[in-house]
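I have a structure here, written as structure tokens, and I will follow up with some questions on it.
The letters A, B, C and D name the chains in turn, as written, and every chain counts its residues from 1.
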Amino acid sequence: MPILQIKGLTHFFGGLRAVFDFNLDLELGELIGIIGPNGAGKTTIFNLITGVYRPTKGNIIFDGVNLVGKESNWIIAHGVVRTFQNIRLFKELSVLDNVRTACYSQIKCSVVDALLHSARFHQEEERILNEAMELLSLFNLERLADEKSKNLPYGLQRRLEIVRALANHPKLLLLDEPAAGMNPSEISGLMELIQWVKEKFNLTIILIEHQMRLVMGICQRIKVLDFGETIAEGSPIEIQQNPRVIEAYLGEEEHGD
Amino acid sequence: MTTKGITQLSGLRDKFKKRQWALALALVFLFALTFLIPRYGLLNEYVQLIIIYIGINIIMAVSLNMVNGYMGDFSLGHAGFMLIGAYVSSILTVWVFPRNWNPILTSAILFPIAVTAGGLAAALASLIVAFPSFKTRGDYLALVTLAFNMICVSVVQNIEAIGAGRGFMGMKKLTTMPWVFIWALIAIWVIRSFVYSNFGRGTVSIREDETAAELVGVNTRHVKVLTFVISSFFAGIGGALFAHILQFITPNTFQLQKNVDFLVMVYLGGMGSIGGSILGAVTYTVILELLREALTILGTFPIFASIPSLEVWRWVLAPLLLILLMIYRNQGIMGLREFGFLVPFRDRFGARFWLKRRELTNANSSN
Amino acid sequence: MAAIAATPSKLRGTMSFFFQQLLNALQVGSIYALVSIGYTMVYGVLTMINFAHGDVFMVSSYIAFFFSTFLLKIASQFASFLAFPITVFATIILTSFLAIIIERLAYKPLRSAPRVSAVITALSVGILLETLTLALIGPEPRQIPPLILKVGYNFQGASFSFFQILILGVSFLCMLILDFIVYRTKVGMAMRAISFDKTVVPLMGVPIDRIITVTFALGAAVAAVGGVIFGSVYSLDPYMGIRIGWWAFIAAVLGGIGNIRGAMIGGLFLGGIEVFVTAYAASSYRDFIAFAILLLFLIFKPTGILGKPQIKKV
Amino acid sequence: MKYKYLLLGVFLSACLVVSACAAPSGGTPTATTGTASPTPTAQAGVIKVGLNAELTGSIPKVGKSCKQGAELAVKEVNDAGGLEVAGQKYKIQVYVEDNEDKGDVAASVTQKLITQYGVVGVIGPNASRNAIPASEIAESAQVPLIGPWPSNPKFTIDSTTGQPKKWVFRLFYLDSDQGPANAKFVKEEFNASKVAILYAIDSDYNKGMAEFFSKAFEELGGKVVAYESYSTADKNFTSQLTKIKTANPDVVFLPNYYNEVALQLQQAHQLGINAVFMTTDASFSSELLTLGGKDVEGLYLYSTFITDAASANPVAKKFIDSYRAAYGEDPDDVASLTYDSFGLLFQAIQSAGKIDRQAVRDALATPHTYSGVTGETIFKGTGDPIKNIYWVQVKDGQFRLYLPKNYKP
């Protein structure tokens, strides 16, 4: 049984059609890519899955639960996490606090505990601290723990965003153009990183990307969107040969990149 | 290497412990002062009054900072919560509680109850502002809070039973220096504990990027409600203390002007910094009082004596200060920094500590 | 309560009573409308609440006061019927200058700063104007000397003066002119364009700084007209700007902040509330009702009567 | 984390200690004031007196007159070499504080005068809304406070016990006395049967006057046909006045301060209300004439002091002349009442024979009569004196003494 099932997902902004009849069956441990020209509705799909928008029509079944109408934080806490197209770290917070903040749902202690500094509070905080530090050290960020995240170099910020996402013990990871603004060498690094993360935390990943090299390199399956509609689906090779895709997308991509 | 590490580790802890003890002692000493001063009249009553005002202002500024500084919302309704606290507590002490108890019991038992009740009432009222804050942010929320403030004022103005616009009185002078000290301490302690908990981190993440906060699993609604409730609880406390030092309150006392005073304190001290708010409250109150003195002295000189309302120039300062602050240093005195002694050990040295410990364990395993 | 009981309801039911109150409402409402336009325009262009606007209005009233008293001193040199137009004109010019200066000194440095700073600054500028007026001119209430003799008329038991009619005429004329500027001229286009999209329009070669200056100037000018009217019908004091300012602001929000026609409607609407709440209930409920309406609008329809909704971007 | 529990311990112990120290500093403030505040010693032969006036705020003219009256009173004494108490001459030093016409400021300013400067007595505030909170402070600090102008009964009544305050005195008649007198005047002079009242609901004075007047008037068989209210700092009364117009009264009673009364009359005439307009001594101020212009013509009011009546009295004559000389305007009732308040205080100090708050208070509390520029003021042992009242009408831009038909001196 698939971990994520999206049926007939449709969303309108007023009159504008952002996503139309989007379907997806995602098996556990899959890594699938969604590509398509700007404004094709890729990010909108992520926003619909994570509850930022309420879809006009359709269902999103994750682990047997329908996510439609759920609060974003509930969805995140239940294992669907995402990164952002344009980095959205908490700039003024330290690297460590960025991760600890993401542990919000992990901490099992009430306000009263917090205000009275009960034993429970201390043990929870201690736990979260260690967890966060371990996570950071997996990504070699532990020595920067006390740095303000805005002072990190771009590549590390991207990495930190992934760490922050992982803090919620996710099952499904949504990566929104992780390679945006990276140079070729960084991209190859990223490819390895994604693969490694996938294995390490046995994740299922949906990847939105413009960088054909990345998508073709690591995705097992690719869906192509254009004006909110799915125009093609299949393995990287199939996609590369699909005439509609070439005309709708790859054509521009050649001089685009 | 290992031993070195251990000593370093324990050194870190001990240094911190020592600091905390010093702080505790300082507080005890200060507290002793707060009732030696009135007892033996070490300072004249007016100065005592100012000190009490400072204490109340600290409570107000620190609590306002929770919303305006840490959560990054813009509340213009703090005086409204103050009003609620003031009236509720006053009504209790004047009408509900026995008036001819012996003063010791009144001050030790009834007064704290009344003050707490005032705080709770304000906290309850804060929900009116908290729920809209789910949807609206920025300027619009500022307006919601402002409208709330104005409504509080005009509601009181329409309740004949409590003197309407003419004010309410009959409170005994129950606010004493020790009480203000204690309440200020509680306020600082509680707010600090909140800010350095996961809820506090949630609050700050809302300031930094609300959508992102929601999308890394922070229950922003929960956090917002908590922040507003706690913040306005202490605003209510401040109001209650205020009412029982002045022994007379009118709704007009809690108009926008009062909010602006608190805003100056918060932004002067620096947003998102408890230490800053304390600093701001003290500085601002003292400056205004010194100015009062200065102008009275100036007034004695013939040149200035001719000026009709020299006193008024005092009120020119507050807004001017704010404008200059906003233009030249909108971070305030402290910026987002914090006094070390206000930051819990874990949040201050946690990472370093963890690294050291790992170093040690590695070292151990290696030999 | 006594207030309601005292006047027999049958009297308050009569036509003339209602008509008179309507006249009062129009008079107050037009002033609110004139002031609220300033709020709404600035918000439209800068998405900033210019809290100081109410006090700019106050200052304009003082300008009118000093100017008109001066004119009447030298009235012999010219036909006195010119006094009113001249005063209005001069007040408009000077007030616009004031607004521009404020914008340059206090707001412009904060264009890029966080929104909160701008709001606080605006608040402070307002209070600064009040306290300065208080310190320099003093708190005694003043009144603009009658520039036009107040001929009284009587219509169905409702009495009104030529001056009142003039007031209504002038204020509606202002609104029409402004409406024309904003919806028909190049500058107006630019304004609405900016308020529609802050990021693209400047790139399209629209001189944003000049547009902002014009916006402040226009807003102040209209408020100045309100100032003259208010100062000659009622009286001026350093704090008069606060209440008028708030009510005008509520008007702006009701009309959908950023929307000029909305502001006008909102203004008249609030004038109605002020007068009729007092007429059929008690004056002390006025503020409560006004702010309750504001709160409800902010919570349930923050875009106001004529506003348009926006989409949240991630 | 031990320090935390220590802090908590501090709180708990704190609460206990507080209850211990609360008794002196909280329960009965007197103990501390006794010790803390500098008891008024006459060092360097100086007597310190505090003046608490509405220098800024909504009735600045009152504050101005008050200050001028005070200056004059003190100047005269000091020019005469000072006040002679028990055979020794003392210079008078006044500390003027602005209460911004705000109740809470009035209170804290009183506190300041008492404890910062250690004055022997406080004069003012004038408006009841400020005087009442100030009086609470004076009462609990046990310092004599004389209000020149406040007329609200609450001023001299202890709000907690309902008993007369021990340390608070006024130089003015009570609203509760003014009301009936005024109602009687209206009834008999204009044989009015229908009156309309418009008053500021959020000011003790205005509301008190409105209530006392309407009560008295209805007892006299009259009818209150409109009872309208507004809030201080309102400028537009057309809506209320329209209601009054439809009620068509014989007399419109406006128990408000001068700055509002001027506007109310303008707008009333604007609406074509033709009735007798009556106000109180709260508008007895030259500002009323300048602000109101033609519209206040014919307005009736009353006062405890009016120059052309007082001129008969030599003391007042001298005062009026020197006041005119000093400030180039006629003294209004606030000025003259403040002047008398100082006189009253000086007399009390002299009869006390020493600069001591208690003694001065006792001197004030012993039944006596003080005759100053506002005529005779008879104290019956409480803070509320008996005073004479003059009717006044505005005639060609001047306040003129008005003699009622059945006038008996």
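Following the convention adopted for this analysis, a residue touches a chain if its C-beta (ideal position, glycine included) is under 8 Å from a C-beta of that chain, and two chains touch if they have at least 3 such contacts.
For clarity, every value in this text was computed on a predicted model and none was experimentally measured.
Enquirer: Could you tell me which chain's Cα centre is nearest to the average position of every protein Cα atom shown?
Expert: B
Enquirer: Highest contact-pair count belongs to which two chains?
Expert: Result: the chain pair B-D has the most contacts.
Enquirer: So what's the Cα centroid distance for subunit A and subunit B, whole Å?
Expert: Averaging C-alpha atoms per chain gives centres 40 Å apart.
Enquirer: Where the CA atoms of subunit A average out and where those of subunit C average out, how many Å apart are those spots?
Expert: 50
Enquirer: Take the average of all CA coordinates in subunit C, do the same for subunit D, and state the distance between these two points in whole angstrom.
Expert: 37
Enquirer: I need the residues of subunit A touching at least two other chains; which ones are they?
Expert: Residues 52, 84, 117.
Enquirer: Tell me, which residues of subunit D touch at least two other chains?
Expert: Only 56, 60, 201-202, 231 qualify.
Enquirer: Counting only residues that touch at least 2 other chains, which ones in subunit C make the list?
Expert: Residue numbers touching two or more other chains: 134, 138-139, 284, 287, 312, 314.
Enquirer: Report the residues of subunit C in contact with subunit B in the complex, numbered from low to high.
Expert: These residues of subunit C touch subunit B: 47-49, 106, 109-110, 113-121, 123-128, 131-132, 134-135, 138-139, 242, 246, 253, 284-285, 287-288, 291-292, 294-295, 298-299, 302, 312, 314.
Enquirer: Residues of subunit B touching subunit D in their complex?
Expert: Residue list for subunit B touching subunit D: 17, 20-21, 23-24, 27-28, 31, 35, 38-41, 43-46, 48-49, 99, 102-109, 111-112, 157, 164-167, 169-170, 172-179, 181-182, 185-186, 189, 246-250, 252-253, 309, 311-312.
Enquirer: Considering the complex alone, what residue numbers of subunit B touch subunit A?
Expert: My answer: residues 190, 193-194, 197-202, 204-205, 207-209, 211-221, 226, 272, 336, 346, 350-352, 354-355, 358.
Enquirer: Using the touch definition up top, name the residues of subunit D that touch subunit C in the complex.
Expert: The touching residues are 56-58, 60-61, 201-202, 224-231, 233-236, 238-240, 242-243, 245-247, 259, 262-263, 270-272, 287, 291.
Enquirer: Which subunit D residues qualify as touching subunit B in the complex?
Expert: Touching subunit B: residues 2-3, 6-7, 10-11, 14-29, 32-33, 35-38, 55-56, 60, 98, 100, 102-104, 107-108, 111-112, 114-116, 129, 132-133, 136-137, 140-141, 159-160, 201-204, 207, 231-232 of subunit D.
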